[in-house]
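Each of the two complexes below includes subunit A, the first together with subunit B, the second together with subunit C.
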Partner chain A sequence: MIEFKLPSLGADMDEGVLLEWKIKPGDPVKKGQVVAVVDTSKAAVDVESWQEGSVAELLVAPGERIPVGTVLATFLQPGESPGAARPVPAVAEAPKPAAPPSMAGVPAAAAAARRMASPAARKHALEQGIDIDAIIGTGPHGTVTLQDVELAAKAKSVAKPADKSAEMRKAIAAAMARSKREIPHYYVAETIPMAAALAWLAQENAQRPMTERLLPAVLLLKAVAVGLQRYPELNGFFRDGAFQPAEKVHLGVAISLRQGGLIAPALLDAGGKPLTRLMQELMDLVQRCRAGSLRSSEMSEPTITVTNLGDQGTEQVFGVIYPPQVALVGFGRITERPWAENGGLKVIPAVTASLSADHRVSDGHRGALFLVELRDLLQCPEELSR
Partner chain B sequence: MSRRITYREALREALREALASDPRVFLMGEDVGRYGGTYAVSKGLLEEFGPERIRDTPLSELGFTGAGIGAALGGMRPIVEIMTVNFSLLALDQIVNTAALYRHMSGGQFSVPLVVRMATGAGRQVAAQHSHSFEGWYAGIPGIKVLAPATVEDARHMLAPALADPDPVVIFEHAGLYNLEGDLPDVAGVDIRSAKVRREGRDVAIVTYGGSLFKALQAAETLAAEGIAAEVVDLRVLRPLDDATIMASVARCRRVVIVDEGWHGVGLASEIMARIVEQAFYELDAPLVRVCSAEVPIPYAKHMEDAALPQADKIVAAVKGFFP
Partner chain C sequence: MTEAEIRQVVLTTLQAIAPEVEESELRPDRPLRQQVDLDSMDWLTFLVRLHQKLRVEIPEADYARLVTLNDVVGYLAVRAAQN
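Moving on to the complex of A and B:
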């Protein structure tokens, strides 16, 4: 028996609201399959299963607010029979009083054979487009009642209520306050010439169809990911009083949302992917982020965050680290600046990169070296493209 | 303005009014005259209206019910009192094969404007042969109307429209209600078509009639104290059933308990359940539940009689079954 628990979908998440089940009892479950949608107060996140099996029982109903770590469902391991002992459900069932005599005719076995739902519940579920099999029944014999469906319908619409932005503000406040409370930040910055990078991008984009054109942002992201390979103390998590370096670079990309607030899902293994692929993934991520359909792995796995102000921004940004990460790289606007070189003055496009890092894990000296590395990498854009 | 009156007095007032206002009306039955009625409903009427109009009969339900039909065919407006529904089975042939059928058998030439009154129900320790509730059987007979007044208002006012009806009307008076006192509102009359919501609620509809109405209201009071708002529907008219009122309550509450003092199976409760399933299936949020009499001869012993009948606590338990 496998217990499927609510994972933490970000450091600031203590609880979530189950919005929807994508599975029902009896369904096979594969690794990486999206099995549920959970509202984390920042977004509706598709939660994946990392285990294989078949669904034995759903223990939580859509609409319920549940702490991280709650057993949401049980899966049978391949080969395991449903007869195996059940673990105690997350929400303990109160012993039911004996049913009134008129209900005695309902065979207990019917519950297992077919989902019991009242006619009104079925009708309402149909009208609302809700899968009745994914609802936990609270009526007699576990029957799904109209109220159960109404609750599930309400939960379904929770993704877009008016106070969503307030919820998000709260989540950001909690994470950022924790960061400034716990993490001794240090800051370094470096202005990086972008003439070579922009020239290479212009040449590259001239050969590409519109839809596959590269943005400067993707080059910056790739440079960060590559640069971090030699500065592992900036990439990972500070947990329980110790630093845990991460094996790969999962870049958290800060994406501002139109309705306000921001979210920083991960570009997974950004260092190991060619630019074209990274660009596609970035576009996809931004799109899904704004549509509110992120995957749980993207939410929970960023090992470092990059904030890129882009065309609309200021020249510099010094970010607040997103715990339990240990560093944040910020890029200001790429803009033309006076530039002194070899005793002469000229005008070149440049960008200011900053690093906010956790002094418990790294020192300013190493942080500065990382920014210098970043600068050098961006002078050879063709090498970053691979 | 309303006034306090007993169910028995209300019935007597209705009889007196009918006798006084229409010379075609007369009352006929066992012990209705000199004895004043087995349940003392007609007490004093013999003295007031004389033996021509308050007629004692032999113990011959088949005979005097037939006589009543004959009188009705002849232009009179007879009120036939049968002592209890238990003995009315002797008159069933006249009621089913004659009174209910004459309009049909005569091709519409004859109608039978007959009113039959009788007591029904248990709860008074008078043993099986005096305690059954067969009104559900009558409710299945096409050609007649069946009324079940439960309140003093209905007891006072149902007789007039019953007498005015051109077809046979059977009125069931619950024997446990005769001494019940209630407020008689100052109204001109009542209809004999509709059911009535006696208490409004949103969580469960208790559909009942006659003697069980007050048990249902008592159960609703108990449930209210626990936060469950029960609606109580008084059927009033058992044939034809007022489907619209029943279904409106079903749609409002979505959970239904039917309380019927008739035996559990194949009765009025079953018919109401069938109609709800036919007409309001998708409104239901729980299986239908009925609280009826146990399928036994109604016992004489008090504790056993109580156990055999619908009671307020059984209704409460049935409702709570919806809310585990």
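Moving on to the complex of A and C:
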């Protein structure tokens, strides 16, 4: 028997509300399959399974608030029979605020069957993003009425945008206050000439169809991922008093949301991907992030964060580390600047890169060497394209 | 396609990316990206969608000419007429 738990979705998200099951008892489950949708203070997250098997039982009903680590369902391992001993669901031990009465504990079997509901109720539920199967009907033969849906909508506090924005601000505040309280930050910065990189990009983009053009941001991200391979002490997590280096570089990309706030989901294994693919994944990530549709692996796995202010930002940014990560790289706006070289003065495009890092894990000397490496990598853009 | 129709496509495309944009509050002769918070990714998405809807090529070298809403509409009208 496999216990399927709600994975960690980042330092500032320690609980969520189950919105929807994508599986039902008896269904086969593959690794990486999206099995549930959980709403957090920042976004609705598609929760993936990292195990293979078939669904034995769903233990949580849509509408319930669930802390990270809660057992959401049990799966049978391949070859296991359904008669195996059932573990005590951990959800019973977790502090569980009472769910609104209309959404309360619907047995999995009942949830799987199609509910009787009036067409108006069904339409309203769809508009409100409420699972009609999770509503207890008060009409004849348990039919779900419009009024039942309206009550459920009222109870579903997670859907209100004003609350959402306040909730996100609270989540950011909690993570950043923890960062500043626990992490002794140090900062280093370096101005990086960008003439070679921009010339290479212009030449490359002139040959590409519009849909495949590259932004300078993607070159910067790739350079960070490649540079980190020689600086493992900047890539990983500080947990339980010790540093755990990460095997791969999953770059958390800080993406600002139009309604305020930000999310930093991961570009997975950014160092191992060619630029074209990284660009496509970045565009996809930004669009899904703004549409509020992210995957659990993207939320839980960033090993370092990059904040890139882009061409509308300021020249410099010094970021706050996102715990339990140990470093953050910041890029300001690429601007033309006076540049002294070989006793002469010229004007070149340049970007200021900064590093905020955790002094419990690394020192300014190594942090500075990393930025110098980043500067050197960006002078050979064609080598980063692979 | 008339210039008015192109303007409408540009505005709809812009509002799909920045839903808070009101046409009445937009100064068509002022830099667009100073009025609407569009980062480089939003801007690229905006141009790619216009390219797809209007079947107009926009070389990267021309991006610098697309500053105001009027610039964008005028540029697209000329390019569309060349098609």
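The rule is short, and it goes like this: the second predicted complex is superposed on the first by the 313 of 386 C-alpha atoms of A that agree within 3 Å, B and C clash if a C-alpha of one lies under 4 Å from a C-alpha of the other, contacts with A are read in each partner's own complex, and residues count from 1 in each chain.
Operating definition for what follows: contacts are C-beta pairs under 8 Å (C-beta built on N, C-alpha and C of every residue); 3 or more make two chains touch, one makes a residue touch a chain.
Just so it is clear, the model here is predicted, and its values are computed rather than measured.
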Which of subunit B and subunit C A:Q312 touches, first, second, both or neither: second
Which superposed partner A:M210 touches (first subunit B, second subunit C, both, neither): second
First (subunit B), second (subunit C), both or neither touched by A:A195: neither
Touching partner for A:V286 - first (subunit B), second (subunit C), both, neither: second
Subunit B versus subunit C as contact partner of A:P119, first or second or both or neither: first
Of subunit A, residues touching subunit C in the complex: 202, 205-206, 210-211, 213, 215-217, 256, 258, 282-283, 286-287, 310-312
In the complex, subunit C residues that touch subunit A: 18-20, 33, 37-41, 44-45, 47-48, 51-52, 57-61
Subunit A contact footprint on subunit B (complex, rising order): 254, 281-287, 289-291, 317-318, 320-322, 324
Interfacial residue positions of subunit A with respect to subunit B in the complex: 96-97, 99-100, 102-103, 106, 118-123, 138-140, 143, 145-147
